[in-house]
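By letter and in written order, the chains are A, B, C, D, E and F; residue numbering begins at 1 in each of them.
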Amino acid sequence: KKKKKKKKKIMARAVLTRVEKFSAAHRLWSPTLSDAENLSTFGPCTRTHGHNYVLSVSVAGRIDPATGMVINLTTIKALVTDRVVAVLDHHHIDEDVPWFGAAGRPSTAENIALWAFLSLRGALPAGVDVVAVRLDETDKNTAVIRAE
Amino acid sequence: KKKKKKKKKIMARAVLTRVEKFSAAHRLWSPTLSDAENLSTFGPCTRTHGHNYVLSVSVAGRIDPATGMVINLTTIKALVTDRVVAVLDHHHIDEDVPWFGAAGRPSTAENIALWAFLSLRGALPAGVDVVAVRLDETDKNTAVIRAE
Amino acid sequence: KKKKKKKKKIMARAVLTRVEKFSAAHRLWSPTLSDAENLSTFGPCTRTHGHNYVLSVSVAGRIDPATGMVINLTTIKALVTDRVVAVLDHHHIDEDVPWFGAAGRPSTAENIALWAFLSLRGALPAGVDVVAVRLDETDKNTAVIRAE
Amino acid sequence: KKKKKKKKKIMARAVLTRVEKFSAAHRLWSPTLSDAENLSTFGPCTRTHGHNYVLSVSVAGRIDPATGMVINLTTIKALVTDRVVAVLDHHHIDEDVPWFGAAGRPSTAENIALWAFLSLRGALPAGVDVVAVRLDETDKNTAVIRAE
Amino acid sequence: KKKKKKKKKIMARAVLTRVEKFSAAHRLWSPTLSDAENLSTFGPCTRTHGHNYVLSVSVAGRIDPATGMVINLTTIKALVTDRVVAVLDHHHIDEDVPWFGAAGRPSTAENIALWAFLSLRGALPAGVDVVAVRLDETDKNTAVIRAE
Amino acid sequence: KKKKKKKKKIMARAVLTRVEKFSAAHRLWSPTLSDAENLSTFGPCTRTHGHNYVLSVSVAGRIDPATGMVINLTTIKALVTDRVVAVLDHHHIDEDVPWFGAAGRPSTAENIALWAFLSLRGALPAGVDVVAVRLDETDKNTAVIRAE
């Protein structure tokens, strides 16, 4: 009976999500497409514009009985701020972040979420995993990358 | 090494969500229930009323390295608008959409989400799947249909 | 000096706003317009549809030093619920509320806000005034009636 | 052919989410940590403060063809109100709810979501399961407990 | 008595607000300031970034008894779209709109709201006035221009 | 003609609003009321609970042609943070802020907004005035103090 209780405690898992916002400029333009293809694919997004992006980083792990936490929110906040927000906020994503423009990757919501996921994955303490990164480009368009 | 990189690129998958809104009237009334059962089951919802519905359609697929997209948002937007929003917006769902009233299906949030899911499933290009349709009836009531 | 302090306390005024929501059906149709005029004026709104309306009732008065309140929120809540929400929620506004359909008034956001304002004005205790009634029909369309 | 159709109807499953809000006070303090550890772990959260919590309870089941419902929203609303909201709303969570303070569990978002999950799990009719409980502590911090 | 009633009808005034959104890039840089002054005044805003702007245009007038409207929302929508949204959406405000960069006006929220106000003022039919233009740059920063 | 233009520039006024949030605990209890009166007036609010408060500080002034600003947002942000948020955030308002509990003032939304208004009024540079302080206690209850 005791063993069972103990096991239940150890098994209590939660997903914790931290939301941070940043304001950035970008345009969609792919070096592997012709000018006409770029225009027909990306339309007005080929012009430099910008967004208030909302980034939601979800991590999963067991709840530490001593602290009641999967991970301290100040830790996630610092990681997301340092590795993602500080790099993108008040920047032109394509011009200022080499993973995008210099590497020829269009700064779609999918790719920004993927970059954030790759930037955060592996940065967390043992036992805590980034399970999803969600990026709201507007309140109508959202991309999510999930750990497979 | 090259092979690995290639594989990683191919495996990058994302979920893309498009949100559209529509305003519609409906009432809840089931032909398979008696009047008394309808009233006790649906209460004030048996009277014609309406909502600003929020529809969130989520599709999944790999990110095309050339465009950075799972699918062009203009494609999803057009599909959702044509197949769902144009049919329901500024309409009385039970009276105007045969799948509901004429077929005896109550226009609950669950059923509207299901109808939207069935209307969109199969409409997307190869390699892109509708994985979830979410319908917010109010900011307190939400139904989600997920692809099994 | 004392007198001045006393006066300042008495003069401390605030505006208190209570927000309530209701879901209703309506259509826009004016008996003083021809069918063609109705269609050209109201377009798809001539069809029965509905909204999650958000009603914000603002009252102004001095802050009672004993309670720290302009008026008890439970009082405003009860008034707004009884006189407005209970009449409109889960109803077809034009068919069920005589001030609209039977009297030939189109149930525009302006008119619903006006009706709510007239229904609440004068219902408050002495010294507290309804200064504004705001009605959000959607998150893009809002009407406000202010006390003149 | 008929059989297949019938089966499809029976298999239509949905997730229904009900959102309720409550306002509560709490502080983070763990009896298994020293004062210094509490301060370094929880920082300003060691002081009594409070939140407008948003609780989202998601249940899954098949859609009943007669009612179009997974479960009547009034049933979920009553359960969430009775078992969770009534216990926490306008209370000091650590002082008033024995599962937290008296039992030495810090009232983190993870633990409050876990407590709500445990309080609701098993309360639903046969065939309907609580699949997730989400607790938004602020609009930047969210915890989710999912049924395993 | 009749006269009074008539007068009351004529006097029923309302404020109608239409909300439109656009996504644009900008940077803050003033030609009348030195480089050092620009940096100390505008900080990270001197770098090209962007926002999802929310524009709320409020007009006031009497409610037409025949239509129940101050003005047809389709009219305001068209005006706001043509004169403001089409000019700014998916554009770099400083580079693409002469009133800003070419004229040396920094594209602060205050100035964008002012430009929108000047662009819309006078465009409305007789008896309807633009009384306020509100611009939300983020959900923390808002500028409002009111008709004096 | 020149004079007119110059005058127009000088007269361009705007209202700038900065929004900050804080999480605090409080209870409503008035020393000038009996226990029974407190309970009948404040109900469940007599128990310690808490909120995520949203504070919106609106200031008005002319737009400086050189900077395009009424006032630098970093200045308002710092003032609101130092004088209001730092004092209330993660605190028990009645116990920790002498203007409330020690002085016998109930910490209603009206009084918190009034305290914030008094704390900020006069702190701004010449030519810029605090014209309104708005406090959202929940998304249904809001108090506003306006400069008279």
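We take it that a contact is a pair of C-beta atoms (placed from the backbone, for glycine too) under 8 Å apart; a residue touches a chain by one contact, two chains touch by 3 or more.
Values in this document were obtained by computation on a predicted structure and should not be read as measured data.
Between the contact lists of chain B and chain C, the overlap is empty. Counting only chains that touch, the fewest steps needed to get from chain A to chain D is 1. Matching CA atoms, the turn from chain B to chain F amounts to 180°, rounded to the nearest 5.
Counting the residue numbers used at the interface between chain B and chain D, under half appear in both copies, so the two copies meet with largely different residues.
The contact pattern of B-C recurs in D-F, the pair among A-D, B-D or D-F where over half of the contact pairs coincide by residue number. With centres defined as mean CA coordinates, chain E is found 42 Å away from chain D. With each centre defined as the average position of its C-alpha atoms, the distance from chain A to chain E rounds to 32 Å. Averaged C-alpha coordinates give centres for chain E and chain F that are 25 Å from one another.
Residue positions 139 of chain D each touch two or more of the other chains. Chain pairs that touch, as defined above: A-B, A-D, A-E, B-C, B-D, C-E, C-F, D-F, E-F.
Put simply, chain E touches chain F in their complex at residues 28, 30, 32-33, 41, 43, 105-111, 113-114, 139-146, 148. On the side of chain B, the complex with chain A involves touching residues 11-20, 58, 63, 65-70, 72-74.
Chain contact summary for the complex, chain B toward chain C: residues 21, 23-26, 44-45, 47-52, 89-92, 95-96, 138-139.
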